[in-house]
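Common to both upcoming complexes is chain A, partnered first by chain B, then by chain C.
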Partner chain A sequence: MDPVALSRRLAAGAVLSVPPFAVRLQTPLHVLQRSLHMLYGEFDLLDDGEAPDFVIRVSGTGGLHRFMRRQAMAFIDTPPPYTPLPERMAPIMFEQALNWCVATRTLTHLILHAAVVAKNGRAVIVPGQSGQGKSTLCAALVARGWRHVSDEFALMDPSTLAITAHPRPISLKNRSLEVVAAWAPEMAQSPAYEGTPKGTIGYVRPSRAAVESAPEPVTPVAVVFPRFDPAQAPALDAMGKAAAFIALTACSVNYREFGQAGFDAIGRLVDGNPVLGATYPDTGSAVALLEQVVG
Partner chain B sequence: MTPDPLLRSLRDPASMATLTAADWTGMMQRVRPRALLGKLARGAAEAGVTGVLPAAVQRQFASVDRLCAYNDEHLKAEAFLVLHALREVETPVVFLKGAAYALLGLQVARGRVSSDVDILVPRDRLPAVESALGGAGWLGVKLDAYDQRYYREWMHELPPLQHQHRATTMDVHHTILPLSGRIRPDAQALLRDAVPVEVMGRAAFVLQPADMVIHAALHLFQDGDLAERLRELVDLHELAGEFAASDTAFWDTLAERSRLHQAGRPLYYAFHFARRLLGTPVPDGFLGGLSPRPGPISMALMDTLAPAAIVPSHPDRVPPGAALARLLLFIRSHWLRMPPLLLARHLAIKAWDALRRRLG
Partner chain C sequence: MDGTSDIFRLAAPSGSLHWREWDDGCVIFNRTTGETHYLDDFTAYLLRLVEAAPRSQDALTGTVCAELGRERSATLEAQIARALRNFETLAVLERAR
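After this line comes the complex of A and B, so read on.
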């Protein structure tokens, strides 16, 4: 879709397919319209006759901010738990709002805060809070031909452990932006947004292949907790089952709501698959370790 | 049949099958902040139409079903923990509202997204109860001296408690309406006629059915501002429906208990509007038999204002009429809550606080 037509539709409100969800976004902000065209260029716009999972409006905050230091704020049906950002950071505001919707309103799947990548159908769950290297590793592997299943949330079926793909722009922070740009100069990156509350943030555009393969779920064959440490040699260490169980429940955003079913699901994930810690000093050795895991 | 797709979906869940995408987009935004999504999901499932709804709606319904199932378990577990915390205190513990509905497994508990616990205890037991709950981790949320006094002198409950680890909120009541208001429900009768219920081997109580309905009606039409609180009217509709189905004397008992609790007017409004908006089958003669009843002027005003206020608006498009109705009913709720001098003083203190905060 050409940028002008997309902008016009977004200004009125357009339904975007962000598998497995339908997201209705309305925004008058050109900076976000342009960024959508770049970062979601491979995603499909749905017919306006499609009911959405989530409805998000990103716009200015009004008042005096119309005239000075313009802001962008995401409006959902309930007051969301975040504060406005400068208008130029509207794309970050949209990603935050969508993450919030997915994390707080999705109980069809047990959600782990984790990236998921797959090679030859063999999927690896890479959990981790922001800043531990999961997104960097995800981008680095995707650049080497791995399937981009998800970069932020693993949506796991609690009975089959199958993971529904949810590919989104891969969020990179600070040094990761240069690391990924050096590792894969051909990968399309958004402009870097400097001075956000979390430093500089930029995004990698998901490929057509990631979007096209999204309807096919994957089955995990391993869980790998990344540990970037420039002082260490590359190494894979098996985690104890109990420690792995606790670490995985801690990184689930909706474990509590699943009760017994969640306990059983994580138990089976840990019993049926290796859970490893991968220590690495640089991107090259990280990718080599993950290649070794899916063997 | 009503043209508002939300009211139509609540009255006739099978009609959800005919809604357009635009209807769904607007309706989902209206119901979610008002905890009505679970009611729609349950209605669709019971009418057998879930499978023909748009995929996104089915996903959101499945998610809210899971949330409701969790909340139900959570309320029962919290009820047990409350009783455990109070095991050394010589007091009856009466669970109110959501916790009571969950403990009894009532129809109204299904599709109800709410996880706060409310209990009623005799007023002279409050200090012992508050201290035992504090020992178990339920701590008062921070309030200034005026708000503390407001609760302890004029309200019907302690300042809200929050559990320090589980983030559960709890209200400890000693009656069901503020002490400063004009209606005085008979708190002793509420306790005396409460019904025993077992919570994982521990003894507790819930209000008798008629009192449970009166409490819900008072909460909405005497102590509340009505704004977008359609969910509570749905609760009343479902409670009355289930109780009347199992007890033919239910409506008579309800009228009789309403005299004891001076609740004729709010109960009149509750079932007048439940019938008008949700089609509750209120028997002929029930409303006419209530005493006291609203006068003709009050009734005409409420008939104009209440429906606009109570039915949730779209968060981005609140019609001016609904905003005005909500403002007037907000003023009404304060008027009912306090005598004029106390109200004037309360508003002056709150305005002064707001001004000070603004000036920083």
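After this line comes the complex of A and C, so read on.
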């Protein structure tokens, strides 16, 4: 879709397919409209009558901020959970709002804060809180032909442990932006947004292949906790299963809501798959370790 | 009374605790509270004993000494007392009234 037509639809409110969700987004902000054209260019717009899973509106704030230091505010359908950011950061505001919707309103999947990547159908869960390197590793692997299943959330069926793909722009922070740009200069990156509460943030545009393959769930064959340490040699170490269980529940955003089903699912995930810690001093060795994991 | 003769039993109905055990420890899920807890091997062993049959701290210490061949000592008693107190706080065990 050409940028002008997209802007017109977004200004009125458009339903965007962000598998497995339909997101109704309304925004008059040109900075966000331009960003969506770039980052979500491979995603589909649905009919306006499509029932959305989430409704998000990102607009400017009122008052004096209309005239100076213009801000963007995300509205879901309750009071927004975030403080406004400068208007030029509206794309970050949208990603945060969508993350919040997924994390708090998804009742069908056990959600782990994790990237998920796959090679030849063999998926690896890479858990980690923000800043632990999962998105950098995800981008680096995707650049070498791995399937981009998700960079932020593993949406796991608690009965089968199958993971529903949720490809989104890969969020990179601070030094990771340079690392990925150097590793894969061909990957399309958004502008870098400096001065956010988490430093400088930028995004990698998902490929059409990632979007097209989204309806196919994946089954994990390993869980790998990443640890970047420039002083260490590359190493894969088996983690204790009990320690892994606790670490995975800590990474889940809705483990408690699932009760015993969540306990059983994490237990089966840990019992049925190797759980490893990957220590690496650079991107190349991280990718080599993950290649080793999927054989 | 120092409390060592109070009988400890599961706070939740039978079948409420679900276990997963591995070489580096175990986790339990308490269906009554919805909480998950990590236990090291020794603490898990104590809970298994009380789950099998309610008993006092004193009796528990006696069983540990007999089964594990350990000497009864102030350190061991303090360790068991601490574990029981923690289980009580977590609503895993309670004192029989």
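Operating definition for what follows: the second predicted complex is superposed on the first by the 295 of 295 C-alpha atoms of A that agree within 3 Å, B and C clash if a C-alpha of one lies under 4 Å from a C-alpha of the other, contacts with A are read in each partner's own complex, and residues count from 1 in each chain.
The criterion applied here is as follows: a contact is a pair of C-beta atoms (placed from the backbone, for glycine too) under 8 Å apart; a residue touches a chain by one contact, two chains touch by 3 or more.
The structure presented is a predicted model; accordingly, all values stated were derived computationally and were not measured.
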Practice item. Judging by the criteria at the top, classify the pair chain B and chain C on chain A as clash or fit. Key: fit
Practice item. Scan A:V55 for contacts with chain B and chain C and give back first, second, both or neither. Key: first
Point to revise | Chain touching more of chain A, residue-wise (chain B, chain C) | key: B
Point to revise | Contacts of A:H148 with chain B and chain C, given as first, second, both or neither | key: neither
Check your understanding: Is A:R24 touching the first partner chain B, the second partner chain C, both, or neither of them?
Key -> first
Check your understanding: Touch check for A:K134: first (chain B), second (chain C), both, or neither?
Key -> neither
Exercise for review: Pick one for A:T108: touches chain B only (first), chain C only (second), both, or neither.
Suggested key: first
Review point. When the two structures are overlaid on chain A, which partner does A:A242 contact: first (chain B), second (chain C), both, or neither?
Key: second
Exercise for review: Give the angle at the C-alpha centre of chain A formed by the C-alpha centres of chain B and chain C in the superposed arrangement, rounded to the nearest 10 degrees.
Suggested key: 60
Check your understanding: Is A:G267 touching the first partner chain B, the second partner chain C, both, or neither of them?
Key -> second
Practice item. Considering only touches as defined above, state whether A:G259 meets chain B (first), chain C (second), both or neither. Key: both
Review point. Across all Cα pairs of chain B and chain C, what is the smallest distance in the superposition, given in whole Å?
Key: 5
Practice item. Report, in rising order, the residues of chain A that make contact with chain B in one complex and with chain C in the other. Key: 256, 259
**Study point:** chain A-touching residues of chain B, taken from the complex the two chains share
**Key:** 20-21, 24-25, 28-30, 32-33, 54-57, 59-60, 62-67, 70, 73, 315-316
Revision key, fill the gap. Residue positions on chain A within touch of chain C in the complex are 240-243, 245-246, 249, 255-256, 259-260, 263-264, 267, 270-271
Check your understanding: Quick one: in the complex, what on chain A touches chain B?
Key -> 20-22, 24, 48-53, 55, 57, 75, 77-78, 105-108, 256-259
Study note, to complete from the structure: In the complex, the residues of chain C that touch chain A are 18, 20-27, 29, 31, 34, 36, 38
